[in-house]
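Here the chain labels run A, B, C and D in written order, and each chain numbers its own residues starting at 1.
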Amino acid sequence: MVGDRGELGIGMVGYAFMGRAHSQAWRTVGRFFDLPFTPRMAAICGRDQALVAAAADRLGWAAWETDWKRLVERDDVDLVDVCTPGSSHAEISIAALETGKHVLCEKPLANTVDEARAMAAAADRAAANGLRAMVGFNFRRVPAVALAHQLIAAGRLGTIRHVRGAYLGSHMLDPESPLVWRLDAAQAGSGALGDLGAHAIDLAQHLAGDRIAGVSALTETFVRERPLADGSGARGQVTVDDAALFIARFAGGALGSFEATRFAAGHTEGLRVEVNGELGSIVWELGALNQLRLFDATEEPATQGFRTIQVTRADHPYAGAWWPDGHTIGYEHTFTHEVRDLLQAIADGRDPAPSFAEGLQVQEVLDAVQRSAASGAGWTQVGG
Amino acid sequence: MVGDRGELGIGMVGYAFMGRAHSQAWRTVGRFFDLPFTPRMAAICGRDQALVAAAADRLGWAAWETDWKRLVERDDVDLVDVCTPGSSHAEISIAALETGKHVLCEKPLANTVDEARAMAAAADRAAANGLRAMVGFNFRRVPAVALAHQLIAAGRLGTIRHVRGAYLGSHMLDPESPLVWRLDAAQAGSGALGDLGAHAIDLAQHLAGDRIAGVSALTETFVRERPLADGSGARGQVTVDDAALFIARFAGGALGSFEATRFAAGHTEGLRVEVNGELGSIVWELGALNQLRLFDATEEPATQGFRTIQVTRADHPYAGAWWPDGHTIGYEHTFTHEVRDLLQAIADGRDPAPSFAEGLQVQEVLDAVQRSAASGAGWTQVGG
Amino acid sequence: MVGDRGELGIGMVGYAFMGRAHSQAWRTVGRFFDLPFTPRMAAICGRDQALVAAAADRLGWAAWETDWKRLVERDDVDLVDVCTPGSSHAEISIAALETGKHVLCEKPLANTVDEARAMAAAADRAAANGLRAMVGFNFRRVPAVALAHQLIAAGRLGTIRHVRGAYLGSHMLDPESPLVWRLDAAQAGSGALGDLGAHAIDLAQHLAGDRIAGVSALTETFVRERPLADGSGARGQVTVDDAALFIARFAGGALGSFEATRFAAGHTEGLRVEVNGELGSIVWELGALNQLRLFDATEEPATQGFRTIQVTRADHPYAGAWWPDGHTIGYEHTFTHEVRDLLQAIADGRDPAPSFAEGLQVQEVLDAVQRSAASGAGWTQVGG
Amino acid sequence: MVGDRGELGIGMVGYAFMGRAHSQAWRTVGRFFDLPFTPRMAAICGRDQALVAAAADRLGWAAWETDWKRLVERDDVDLVDVCTPGSSHAEISIAALETGKHVLCEKPLANTVDEARAMAAAADRAAANGLRAMVGFNFRRVPAVALAHQLIAAGRLGTIRHVRGAYLGSHMLDPESPLVWRLDAAQAGSGALGDLGAHAIDLAQHLAGDRIAGVSALTETFVRERPLADGSGARGQVTVDDAALFIARFAGGALGSFEATRFAAGHTEGLRVEVNGELGSIVWELGALNQLRLFDATEEPATQGFRTIQVTRADHPYAGAWWPDGHTIGYEHTFTHEVRDLLQAIADGRDPAPSFAEGLQVQEVLDAVQRSAASGAGWTQVGG
């Protein structure tokens, strides 16, 4: 249905932070990348009519809906982009796939392993019909991360010994900060763990080329009651974790150390991944998004040292599409790269990465972390 | 003419690096900022018909022209955006102003002081007709730079003692890198000086709130002959500087040190400005675009130190329009901020900053540097 | 016995790395600090007569012994400085205390909790006789660490939420690196855990002003067999951990994350401690020994940021004894500060810090880590 | 006279900052380095009897004198270490050389070119008698600097294009800071220029392996009157520069940029040298004394980047004498290395580096800077 018109109609559910970021990606991707299809921003969906209409206008969507079921069924929508809280990911994504649409779903894939499993199964069934499903771990698309992946996959670090992943924030440091949906387990599934930690877990596994096999974990909710977001002055319970940390073993024998928190004063979007191998190490930090740090233990010993690579050259992943060497890109570009890769996977008739199956596996790690924490930090198998 | 339709038609001349960056700005600005007018990307101009047609399609311009004079005269163009080499800045900008169009002109304003002076005069005349002219020193619009400007203007550094500006690159390190137009004095006016140094000079003066009064300068062309860009194997003369450095006195008594080079191995887009005052210091570097370093000498001595501010908060300049705290922007966003401020100045009926008069003053500094270097590094008054 | 002559005779056991570092401390301390006693480098002890005689000459000790029991009994020795592998710490320290000598014992205090408990008991008994015993966690004496301790103790960080401690090295990355005594559990007790991790644990607890209550831990020996150090070509078993990592809860509710490894390529002496509180954070790293990073969340939001304090001012701890502001000290100075504080504690008739009781508590944490790891990373109470 | 007893008697003039630092070097060098002679700290000299007697005791000198002429003539003094203000360097050094003593003289060599020329001539004459004279540019002896020198001398950077030297301090930022001797031209010769800039000039020339041929310079005294150091409340004139900056050409064609100031808020001992060549770059900063940054433009382009080398390995210059890899040294160790190299040069019967001739050449650069600044920043030949 796509081939005829060379366009792919996009329908997006949600218009908050992620909706705005994805809109910028759909709007921009064709201006910088050669694409197999031209994405057409067909329709956006939100429950509040006035707000969604304003969002459509501001963000550049041709139409709007207030019911996601109608959006999914629109003829001019070929791909559904799910930017809602985790609690509705499964329902929307599965419906879209079953209606014959490709799906891009924000991370974490779902709020529970059961939901994620149903989603992965739906993606498998839909693949038989040429439909593609991708989960939005956007940081894989940072040029520096993609370069790190290339280097590690080429064996530059040798056997992996240590993997460290952290996502430190300070969003909730103020005890009077209100009870937003991200603090409600029913909507968000978990707190820092799924919101922040899921990124660190996905990146760590992606870069190491390995999977976490088991964990021992602690979670904590430091501030258990907060003012309601309605401004009423009433207070409600925080039902998710403020912080989660765990140690892990990877299937291949590497050790892992992970931490996600909204209570690390001084850190804002402090995502960091480090991999140590027998032949070298890499470090990447979101705060220096355009850089990769690399240590090569095979070089002449007297001049070895961590080097800082500016990953902005035309021969670096994604970077050639943008600006000349040395000119940086920012956070939003990760989504542009994401939708570019999804469009290419659709054209190529292959599963995009990360697939829903990969999203399920991350969900199993999140689940193991929660089970370990609930058990008092006992050792817990992933998927067990 | 604008008010009626609430739109402002943009016409752009040039579609290379700057043309692509400005296109992204015009395309994006209305999605993130509340604007007095909606910019309409009316037409783009370039001399090669096939290339300009392709550029119009890729970059999202509604029409194209191959003669800038026709572009300037189009009824659907209210503002002309000049993204050509410096040699044509004056002619295009003056014609546009005289035809009744607003102008945004890339930096440096011109290739000579005489041209710049004519442009500033044309801008003055046009202002009487409600037309606005701005020169594109885009780095003033980095949120961190804008914050630095606020802090210094508020007196946080006290009397300024030292100003350092540098723009270190390595573009021309390879002696077999071809003889592009930026190495031709007839087109580019100067080399590292105008291309890179002009940014450092503008930023330094803007932040210090003062003007360079005199300089002693050295310039050098390390590689004097390079292969022609036509691939013929023939070689031609480099007629601009590879590097320029100078010391300066500001009108208010501060000392300045400046350097621009295309021969600093390891540096790519190494723009850096530092201001030291009696009460503190600030440092900003393009490589860490989202950060500002601040030292406050009035704080408790035992815990004084340079702090690194992540300039991504909603209460920081420009930053609130983009993403939540901690999510970075990149190089291209400086142009988005630039056109936003120009549109606002047009609506407000006031001169934008930097105006053509400010562009002329920078040109006078560049001219003093060239005169000093030609004289063998003797002391040279700016504007003298 | 000391008061009469104003001198304090020092006897040291061991002359390897720690012996050399302590010798420099005893030799130097009186040149920079005002002391209650003048330390006299009376005698040094080692088992190999030729080597210990050479060491005495090189390091500046007046005499030497080959039997530590004779050293402990010498009349001209008032204080015994124990710089041997952990397996002999208890025997030598207890004998010295019982013979009427003060003791400085290298860390970790012992190889087992039982030994450490006996040492702490001996120290208690000796204290009744005016004898003092200190364990050598030297990094507490880094000026930046001492400043951090002052700031945290003064409440500058508020309630502590997170504590991170890591000591990353790459000492054993090469699988052909020989089987030195530090890889033998009988001599060293543990591997990276006691050698490196003990420092991180002590610093973290010292700075947080709190104790680790329980842990879940992983340890690993990546390379299990190495060439014997005798050059015979034969190989032997590595009987200690190459890496240890654990998550922890502090008694006061903070979460902890710890890691020690000899397999982190690119890291050499990568000791790092971070403390996040509700009002701010501090970070200290051994690689930037003279600096402390501080974030103060109570400052004006728009200019908050981690600041880097150069802890070299005369009003900073220890720093005034050395050089003018800005001139750095190095690793060895931590020992000079350590012996200075020990001499002062002896003169003041009070327990030095860290006391043997504190050393015992760290030993209990190390023991809990080993028990948890042995149990398969299950939750384990410290001291349980 | 030395050979017989295997010792070399040291006599030092001055016991302030430099006297304390040199004392630590003489006291320590034999404990860590194998030396051809054992330095004996024979006598120290100062004008105030009570103060010099206390200094001798504190710093570990066997005797003291109040007249430097008596010190120079002592039979037990073989080497005179001149740690006085620059105004007495020439008289003491020449007298010592003529009396048959080796000389170590603090930098800058003298207060004028004439004095420096007389000193270099005296050193030449004394060399015929086997006497050695060295000027104390101690930062050449930082391991990282020595490594940089090795790399550049081996051609790793290719042809040198740019050299940057800066020494930024904030010592005099407070206008009520008293009028110490360093602010008196009669004693100090110059201000920031000779005190700080001389180090940057020496390092830059030493690393580049080239000499500054000409300069254009600015100097400034921001605060011209300060309270007398006697506490009387009276004020006196500052007769030296607070800041000096200059641009330079090296004999071999490289461009140089230099700055020394006591008015850069936030900087303490901010000595920094950078060298850019056609094949790479190096950067060294005193604030990270144990590190060297290296960029190698001949490596695989996609993974090029500035690397940070921890210069603490046994195979790095000087470092093997101290502690295992990763353990840092500090400021004072530069003097220990300096006296070690001087002792070795004496034993080898060759001129130490930097010799008085090298000190004279730096003085000629300082003089050219002062002449250029006096002329209004005109171009000035070094030695012209």
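Just so it is clear, a contact is a pair of C-beta atoms (placed from the backbone, for glycine too) under 8 Å apart; a residue touches a chain by one contact, two chains touch by 3 or more.
Because the structure is predicted, anything quoted here is derived from the model rather than measured.
Asker: What is the chain whose Cα centre is as far as it gets from that of chain B?
Answerer: For chain B, the chain whose C-alpha mean is farthest off is C.
Asker: Which pair, A-C or C-D, has more C-beta contacts?
Answerer: Result of the comparison of A-C and C-D: A-C.
Asker: So what's the Cα centroid distance for chain B and chain C, whole Å?
Answerer: 55
Asker: Whole-Å distance, chain A centre to chain C centre, using C-alpha means?
Answerer: Chain centres of chain A and chain C, defined by C-alpha means, are spaced 42 Å apart.
Asker: Can you work out the whole-Å distance between the CA centroids of chain C and chain D?
Answerer: 36
Asker: Mark out which residues of chain A touch at least two other chains, giving numbers and ranges.
Answerer: 304-306, 310
Asker: Residue numbers of chain B touching chain C in their complex, please.
Answerer: Answer in residue numbers: 147, 151, 292, 294, 301-310, 313, 315-316.
Asker: Can you name the residues of chain C that touch chain D in the complex?
Answerer: These residues of chain C touch chain D: 17, 20-21, 23-24, 27-28, 31, 58-60, 169, 268-270, 286-290, 310, 312, 322-333.
Asker: List the residues on chain B that touch chain D in their complex, please.
Answerer: Spelled out, the residues of chain B in touch with chain D are 157, 161-162, 164, 170, 173, 175, 214, 216-218, 220, 222, 243, 245-247, 249, 253, 255, 257, 259, 261, 263-267, 276-281, 295, 297, 304-306, 376-379.
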